[in-house]
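Encoded as structure tokens, the structure appears first; notes follow it.
In order of appearance the chains are A, B, C and D, and numbering begins at 1 in each one.
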């Protein structure tokens, strides 16, 4: 039976469903001050970062996740010069932000220096040297505390943090209180982008619709969107929020992509924009019906 | 350890990747004259039909697959009265076709009477009584042979058959020769819809792009589209083909859905149409570059 | 990939180790008043009874377990006429006891009538009609309570109950208090046999050595023994206890087997006796060092 | 779900049964000139050597396998001075042989220098420095070819090679022709020990009984024996062969162990000897009925 792979990486999507990949190498496995980290190589997805048992980013579909997280909001903005990133330790969000030629400075905050150091060392095809860019200020601190005292304002703020796991490092960064504070860190015309949990047909009601509702309670305009991530075995959700999000055509997106982004994108353009922002009927209906607002007194966790 | 599920259904997506569901019941398992059939209940997906080891249709996301397969082409057609379905043994394609009030007659051909009989008995929430509709003529025969001798012409033809597995019953129905013959069975303004294999980022090149190219070599107009299917663990591809496929707005789609379809849809409407037909950049590029045409002398199989 | 089995039954041996069998049928799955019951067919082990997530008895190696549990003690006894069985719901222990021609009456107690009824119906190759034997009195009651009030005494008492799971129905039947009471239900020369949990090199210290120590604290003579059970993925332990256990040669065992047991045994004879009672060095040393005595105030559970 | 182990090592016992261990580290994985080698750490079994997809030796039960392979035959011999080992690349067989104070020289042959070098580096708790013993001559060559030309004779020859896999490096070393040649390499009173494949109730007929029969066709006296190996999920079989194997008592074994072996054994002594040589009834019957003799023209492979 030597032909059947003998080593497998398992990831539970729900307690009753898991995705399993042929595991070729355990590059690193350990516990930081804040979370469990594993860096593994799997045959279907290549080099992969796993935090607290959940895939964050794999070589095979990193481009889908990070082009989707970063570019729609950046392209919607008229002229993004200053960007704040919370999380995104493997450097891929940073990489896509820096591809925008308008960007003059990026402040990136990650709670967990050990994770960033391990990603620098072991995930070169993710960050691709972004950590060495002179426009970057990298700070290891809690984003909530930092933004509370921060005097700066930003054109774009990107929240790219792990899911709100009970006992995990991130759950306070999904609350109305946090979003209200973040709103005050945006310049006029500023845009917030938030990774917002699974948005698939089986699990959108876990946190995705509630994050939407919470952001709606703070911002005048919100745009939910989603993309299928093979390495997660899930459709992933995102939300763009701002006071005035402009309408934009597919053609205008294509020309902004061409004018503002160095290098070639693999995933995002005007047509892809239409795909990821056109949510299916049941999901639009569920967002419309949602009435849960996440606050410090009404926390929401994923299991 | 009694809390961990002890019974699992495995489905290999590739030899190095599988999806596994908590299995609650094996309803039926057997071998027909043509293929292996399993009808199972899983916790995440409910009652599920599996042919030759591949999930065909599950209670949880049957609505996504079949609304996607049937409605875009039916709605694009001006006034579909006569419909031909090849395959679709579990009756869900039939169910969605019959929801169109314009439909006067449906001819459904399935090679495998045993599969249809088992589906009638064990999948009531799939077919929902469609097999009893007086507009239906149900025939158990090979679609290739039947269409070759058939004198009728149809407004819409739907090819909803298993993937081209070597040794399976379906591979000839993916060839240029078959599509050319099917074209002659369409009335003027007629539309062909074809399920076209996996269209995800890891595997679109297996058959999806080649089916597109093959249909392009026969029809003047083709429209590829795709949808994520949780129970397959895959993005699934489809193609609509015809001589003149009309342009149609999202608003026009919404009004045709309202006027022509009895009952409420869960998935499909104008916005969803925009989602499923807006392919991501890498996939549009791959379709453009594809040059394989499937013929009887150049067969293509999935593994 | 249709050749790879798609349905599997998992059983965790420890949280970090599991055995998995190709599952062909789920015959029955449900919850009785006392425990979870599953009756399944697996390819390697055939029809199998599972209680609270643990295999109790499979068609493939039922003969090993039950010949081992029953015959050594029965053969050691001079002339066993009256036998009491606690547990053994699938009827295999009963079957082996009734094979002894000296036996005049058997009292079998099982807490869970639903389990016995399901075994009668679905496990014919286990009980083989034993429940119809006129020597049997079958009672559905708690063994602890019953024996406490019972005025009868027995030549042989067999405790064939599930492991002491916290919240399960059996844990009080592993205590010193219970064994002391059982001792009073034995006739002079009487023998007690107890299934005693896993006795393998990785897990003998879980309960096996403690059950030994507990029985040593009540009976003058104890004989631990063990056998490898493929369907458990474990070496299983047993203890025989009595006031005076006679020495017996392999030849004497062979002649008693021939004289007293109707039908042919597959597993047990004099040489097999020597195998199962000759514990490896590390296990004898561990039994000698054990000092835990299980009492109502010092309960022991398996996880 | 972070609490459930996410990385597993699978090993198929049969195509329908597998054992799976929580995998903590992939220490090395590669392909030598002769075979696939993996050195892994698992939670239940510790550091483990796997060749061609089959566990050879794990930290947790290495003592069981190698005390069983080596000591019964060495102890049966009157005064073993010269020992030949074929295989045993991880050094554990060598380690147990060298514990015998009578041993003056050991010739160890392994086909695969890469395996030995990797074991030296990564399995220190297996070999425990044995490769540095001055009594050892280590040769990398095919055992068949070497023994054919060898002029030396040995007191004890130990064949500790992988199973006869088709296409593997070892299948010719299970033939009558090989055993006949090996017999001529034994000194008077010499003893051969052979690892002989799985001897469990489900699979003893695969090769174990046939190896017995083949050795019986060459040697006047053979003694089959067996032991349960948790890390294999199997009962493992062995055979001792010689022209005149002496009878020996359990007490005599204990005193020879004490006199001749330096250090303490964990597994083997007189009582354990009685355990491993007392085969269960069905297995003795199967050995008696076996009539397959393995020859170059009638090869036997495991699957």
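By definition in this document, contacts are C-beta pairs under 8 Å (C-beta built on N, C-alpha and C of every residue); 3 or more make two chains touch, one makes a residue touch a chain.
Only a predicted model underlies this, so the values are computations on that prediction, with no experimental measurement involved.
Taking shared numbers over all numbers used, the chain C to chain D interface scores over half, which places it in the same class.
Chain centres here are Cα averages; for chain B and chain D they lie 55 Å apart.
As a whole-number value, the distance joining the C-alpha centres of chain A and chain B reads 33 Å. One finds 53 Å separating the Cα centroids of chain A and chain D.
Along chain A, residues 4-5, 15 each make contact with two or more other chains.
The touch graph of the protein chains shown is a ring with every node of degree two.
By the touch criterion given at the top, residues 1-2, 4-12, 15, 23-26, 29, 36, 38, 40, 50, 52-54, 165, 303 of chain D touch chain A in their complex. Contacts from chain C toward chain D in the complex involve residues 5, 14-22, 42-44, 60-61, 64, 200-202, 228, 230, 233, 235, 265-269, 271-275, 278-282, 284.
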